[in-house]
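We just call them A, B, C, D, E and F in the order they show up, numbering each chain from 1.
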Amino acid sequence: MTMSAADTAWMLVSTALVLLMTPALGFFYGGLVRAKNTLNTIMMSVAALGFVGVAWAVIGYSLAFDPGWPLVGSASRAFLRGVGLEAQGTIPHLLFMAYQATFAIITAALVSGAIVERMRFGPYLAFITAWSVVVYAPIAHWVWGGGWLASLGALDFAGGTVVHINAGAAALVAALVLGPRKDYGRQAILPHSVPFTVLGAGLLWFGWFGFNAGSALGASPSAALAFVNTLLAPAATLVVWTLMDLRRTGKVTAVGGATAIVVGLVAITPAAGFVGPMSGLVLGALAAFPSYYALLWRARTRLDDSLDVVAAHGLGGTVGALLTGVLAQKAWNGTADGALFGNPKQLAVQALAVVASIVYSAALTWGLMKAIGAVTALRAAAPDEGLGLDVSQHGEEAYARGEGAILIPADSVAGPVGAAITPVLQAGEGRP
Amino acid sequence: MTMSAADTAWMLVSTALVLLMTPALGFFYGGLVRAKNTLNTIMMSVAALGFVGVAWAVIGYSLAFDPGWPLVGSASRAFLRGVGLEAQGTIPHLLFMAYQATFAIITAALVSGAIVERMRFGPYLAFITAWSVVVYAPIAHWVWGGGWLASLGALDFAGGTVVHINAGAAALVAALVLGPRKDYGRQAILPHSVPFTVLGAGLLWFGWFGFNAGSALGASPSAALAFVNTLLAPAATLVVWTLMDLRRTGKVTAVGGATAIVVGLVAITPAAGFVGPMSGLVLGALAAFPSYYALLWRARTRLDDSLDVVAAHGLGGTVGALLTGVLAQKAWNGTADGALFGNPKQLAVQALAVVASIVYSAALTWGLMKAIGAVTALRAAAPDEGLGLDVSQHGEEAYARGEGAILIPADSVAGPVGAAITPVLQAGEGRP
Amino acid sequence: MTMSAADTAWMLVSTALVLLMTPALGFFYGGLVRAKNTLNTIMMSVAALGFVGVAWAVIGYSLAFDPGWPLVGSASRAFLRGVGLEAQGTIPHLLFMAYQATFAIITAALVSGAIVERMRFGPYLAFITAWSVVVYAPIAHWVWGGGWLASLGALDFAGGTVVHINAGAAALVAALVLGPRKDYGRQAILPHSVPFTVLGAGLLWFGWFGFNAGSALGASPSAALAFVNTLLAPAATLVVWTLMDLRRTGKVTAVGGATAIVVGLVAITPAAGFVGPMSGLVLGALAAFPSYYALLWRARTRLDDSLDVVAAHGLGGTVGALLTGVLAQKAWNGTADGALFGNPKQLAVQALAVVASIVYSAALTWGLMKAIGAVTALRAAAPDEGLGLDVSQHGEEAYARGEGAILIPADSVAGPVGAAITPVLQAGEGRP
Amino acid sequence: MKLVVAVVRPDKLSAVLEALFHEEVRGLTIGRVQGHGGETERVETYRGTTVKMDLSEKVRLEIGVSDHFVAPTVNAILASARTGTVGDGKIFVLPVEKVYRIRTAEEDQDAVTPVERAVRA
Amino acid sequence: MKLVVAVVRPDKLSAVLEALFHEEVRGLTIGRVQGHGGETERVETYRGTTVKMDLSEKVRLEIGVSDHFVAPTVNAILASARTGTVGDGKIFVLPVEKVYRIRTAEEDQDAVTPVERAVRA
Amino acid sequence: MKLVVAVVRPDKLSAVLEALFHEEVRGLTIGRVQGHGGETERVETYRGTTVKMDLSEKVRLEIGVSDHFVAPTVNAILASARTGTVGDGKIFVLPVEKVYRIRTAEEDQDAVTPVERAVRA
């Protein structure tokens, strides 16, 4: 294929949009924790931009998108060898690599929601970096890199299995390995800034247009279809969720609204370019139910998946992946029909993709966590957890007031440069 | 016309940008209310994304954009029947529908600024949903759907009448029907987070490029013109507003600056693709005056249009719509000249469009509010208003600290699933 | 060249993205100051959108981009005379003007970081407006407007010298002329909202894709290259910075992470379209070191460059500009090689461009500050500084709670309009 | 000298301040607090977590007054802070041994007498 | 009448409240404060600025009680707020001269007796 | 035992803390409050709404001390918190009947004697 400037334009934008989703996720998550853990939670997402970003260029991309074998790519494109400005599809190959990088980044960041308010930051960095290479990259290869699920015809438009189910399974295991927060179930742990959570949800929705419609890899009608579904499905989820809230408690929670948006977005992700808009609307509406009740149920258990990655992403992604196998319509996607349109086999393939992703992700996440935990403590010490991870892990407060803060005078500036410049600076001190 | 990938790329982006404006508006508004009403105010915008979004797909789009009659479209495109990936202009029809959906959503959300801090959330949801269908859709039809104002040659590039005047008129009526907040005029009601308001204004400006330049429906020179005016007009408004603040009180308020940006954006909206850039600059500068003084005047009345939707959007939109009739220039837009360029009739048409929109919007909004008020109370009870709508309507606090919050232990997990999973979870609790 | 719709689409988006960077900068900076100076700091950025935006249309653009002389353009395009919808390159000329406007705006806003918490707002407005005309526009002309540095072959893809080094030099001088804050070095001055700073950094990164990849002026492979470098370089900086934090104190600061992102973005700016992706990664990693230590060193001096514009932008830009002269690769950019690829002369040209920009910017900034200071006091009075500039300069609080706020009753509404409307309003007061 | 400590509703604060200023009480200090009394508790829900909020927002006033000023001060508060529904708050009168004005190091009586407008900075 | 003022750890507040309610203490007022005692100080770094944080978050309770209620109140706090590590806080018992209930203008003893559920709004 | 309650300017807090630590005062509790005294009021404007702000930010210190410590404590505050312009604040000395250290249930004198570094957690 030849390069298309229009497709390039759209993919430049899409990549930027998906990149924005990671700080947005930081705010979505950051608003849900207590003030004393705000920065730690936000930095869990932001750090992925650095560590997973670099790991992707170094090796992840090659493992995911080099043809390699059915189970994994090869190292032949490590350090972006041979990834240049030549066309990959209709866009520069490097741009395709960058677009995929943003997916690897946010998937790793998603997992953090299960382990907030208690994990040490160093081990966390090691975990997500390794995870993006040994868990994310292979699953991405299976579905999008020409791997075995692609050969079977599994449909995953923008990452229901690769991103959301994968992150949900990893979150479940990570939360179990780490154990619950010490206050969990004993004390009320409330979101310290719901506006940040809503801000995050708003920016996530915005970015998700790049995520889903960008997955068409061009400014095509298929992108438009994915886009419209990304508008309608979460709208429907939000409506249904709101009505369920009204019915159950008479009160429509904002945290619920923000959650509903994310659940709707997650659910439509695998289906976005494969189903018609009315199917998208229905899919969004249906996706509200399992996640709504899963959230309620989870809070009564000892499973401290703190920010409900399993209920929102794991379950939402599963519902979306399966409904893709039901509602897909060749008339819209030119590729495959779902069960409702005469092709029940598709649903079976979808189910297989779901199960395979869960098993692989859960197993390797368990191994990784245990491996890192064998080297160093995964959890912050109990008093550090009590004090809050912002102070204990980052040496900062999110909202410092400076009262009672006593400046530690640094040693006077040493060396000839300091000596030379200090008088100048002091001379400048006078009022103008 | 044939499909254009470049136009599709730009319209995908524009639609995403306009969608972002609605949460942005939530923050613009949310910062201006008291902390105890933050979530309610933000959710008034966010809910529109769900309810109006779904209503638009179900029926609103059909009423607005089906050819139908001069006063309204028909139901023939209800449930998006026949709205597919075929070209509408140079972009997929579905994408056009989605772009228009984001306009319907934000227009409904705009109205909420007049009724914050006192309206019950259930009736509010009913109101905006119905309003988007019976008020917004017909007016959109008049101007953009081939209705009677379009036939008369009324110029409204991106929604001066359809969006802003319409929202302003509805806001005025809604505020009058609902009555003022109980503290209004008695106690100082101050914005609890001006940074949120400025954040909202910044994101609104960003999104407004999609709103105005996207209204060219393609990546054309006309889009570029609209874009440039959307940059210059609010810049000029901001400068004039700042200087007026400096002259009047010696202090340049941030709330004023954020307001000025919005006023400039509103005023240039109908003119964006019709006037030259220097006219845009002048239009923005002129638009500052009426809104500036209207804000001052309004606060002394008993009209509790709480966040000044009338002064900012109603008046700003009117000024913009009329000045479009003055400053439009065929040399720039290829369509029509304004009064200043030898075509005074255009000004008359513009005035007619303004009046018609106001009358229709005001009348139907009044009817809708009264109808809903006949079924259920529109206002929160006085103690609920005192407590704040976040707690009373949403059962949440925006900034909870958790002190004195006592966990209500949920009944132990019932049923076989709970029983089976609980031991597993407890086993996982140990430190790694 | 002929107009390209695809390039137009990308440049519309890029311009919007760069515009968003200015409010984003307001939040990045605003989070770093004390609560009592939040609005002042944010408004220092926001005001640039108005004042510099208008100045650019009036005269700045003409001085920068009219061919004119080697040192400056001419006034022939003042008030955008002759700037229309004709193609400039492959996009409408007006759009090119708008894109460049957003650069002028943010560069002026960048300087404010050095003078926060103490400068009076009126003189500040005068300063940035004049500065954008007499400092920014000429330097932009040198490099991008066909001026003498362009003739020498200096490479500056998106503004390492024009934007960052320029802003850094001006910041240094402005901070010296103004003198340190009265509490500086005596009391701990802590960031009041680190989440705002991280939010700003996230939005800056997002917008920076427009800044760097937009500087290709089209949706070309060159844009893709610039984009990818804008992803990889800050990722590498973030990783290195994090590891340095871990090594030095064992704690990874969020303020540091946000700073690292900005430093990486600054450093890659001049190089973005000139170096290969692995060079970009290395450049980002290297850029961490000088800025990291400069920040530590600066805080021990009496130089109150409050938000470290010099260390982040001045130094980061210098490192980037010089490394562009080392790492540029004709194989990637089709233009010029750097020292590492056999062209050491490029490094010398780069160094000259750096020095020239610093000297010119520093000298004229000094002159401007002194000139304004001769007319009116630059600094807020000491008690006003103590009270906070939000209240003293803007008459507002960022986070007002309304306790103890006593409404000043405005004079009753005067004139016939007021008299006529008041009864109506009072009638509407009853509950529905 | 006495210290009058009052806990009142936040939305009554303006009225209380006005009443106090009317009684020539010129110095006082307030703080935001949360109170528990007979008020109905609120229930809030955050995803699956349901909590009972036992505390309501209140404002605490602290007013140092000379002995003969105690009665007017207390009465002003009683009159202006009352709504008649549960949760109006309490007043405590505490004995004080000594009062100092930091600016002048004046003691007791003098320390709480308002300053002349003339000497203000 | 006495005023019991206690400074406790924020994460012990729930336990303290529960213990107090158990002792039939029905009225109290709390505020967020910061304390300095024997706690280890924290070091924080913001770019080049390093600071020592000498104050830790605490909660201050203020409980007006009749004389015979002092002992149970103090004991309830002592028992529920203790962790045994430095920083647990202090209790001060202050004399009170007069107490008023704002809602009814009742004084002293009556002013701190809990209201009947029936009269609530 | 006495309770010294001082209201000071926020920007003097560091100086006050330093002065107190210098006097070997090792335990104290502070809170953010707002005060009204002779300070000039501020006017703020939010769109059409103009308000007068009657309250200024202050910090309230609460220091439980043995009787012989009262004078040094008060003097330290007087010396370190003074600027000489209106608004410097007040000090109140209140009688205390009983003090407890929660960690050990020690009473009175013992309760306010600083702990040995050795026993700290």
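Here, contacts are C-beta pairs under 8 Å (C-beta built on N, C-alpha and C of every residue); 3 or more make two chains touch, one makes a residue touch a chain.
Note that the structure is a prediction, hence the values are computed from the model and not measured.
**Q** For chain C and chain F, which third chains touch each of them?
**A** A, B, D, E
**Q** Is the number of contacting C-beta pairs greater for C-E or for C-D?
**A** Counting C-beta pairs in contact, C-E comes out ahead.
**Q** In terms of contact pairs by residue number, which of C-E, B-E or A-E shares over half with C-F?
**A** Most of the contact pairs in C-F are shared with A-E.
**Q** Same or different interface residues for chain D and chain F, judged by whether over half of the residue numbers are used by both?
**A** Both copies touch with mostly different residues.
**Q** Could you state the distance in Å from the CA-based centre of chain B to that of chain D?
**A** Chain B and chain D have C-alpha centres separated by 43 Å.
**Q** Quick one: chain A and chain D, Cα centre-to-centre, how many Å?
**A** One centre to the other, that is 49 Å.
**Q** Approximately how many whole Å separate the CA-defined centres of chain E and chain F?
**A** Taking the mean C-alpha position of each chain, the two centres sit 17 Å apart.
**Q** Any idea how many Å lie between the Cα centroids of chain A and chain B?
**A** Chain A and chain B have C-alpha centres separated by 30 Å.
**Q** For chain E, what residues touch not just one other chain but two or more?
**A** 14, 17, 30-32, 34, 36, 44-46, 48-49, 51, 54-55, 94-95, 121, in rising order.
**Q** For chain A, write out the residues touching at least two other chains, lowest number first.
**A** Those would be 4-6, 9-10, 13, 187-191, 193, 249, 251, 253, 255, 297, 299-300, 395-397, 400-401, 403-407, 410.
**Q** Work through the pairs of chains, note which ones touch, and then classify the graph as line, ring, star, complete or other.
**A** complete
**Q** Please name which positions on chain E make contact with chain D in the complex.
**A** 1, 3, 17, 26-31, 62, 64, 94-103, 105, 111-112, 114-115, 117, 119-121
**Q** Of all residues in chain C, which touch chain E in the complex?
**A** Contact set of chain C toward chain E: 188-191, 249, 251, 253, 255-256, 259, 295-300, 308.
**Q** Spell out the part of chain A that touches chain E in their complex, as residue ranges.
**A** Within the complex, chain A contacts chain E at residues 183, 187-188, 386-387, 391, 395-397, 400, 403-408, 410.
**Q** Could you please specify the touching residues of chain F with respect to chain D in the complex?
**A** Listed in rising order, the residues are 2, 5-8, 31-38, 40, 54-55, 58, 60, 74, 77-78, 81-95.
**Q** So in the complex, which bits of chain F are touching chain A?
**A** 10, 13-14, 17-18, 30, 32, 59, 121
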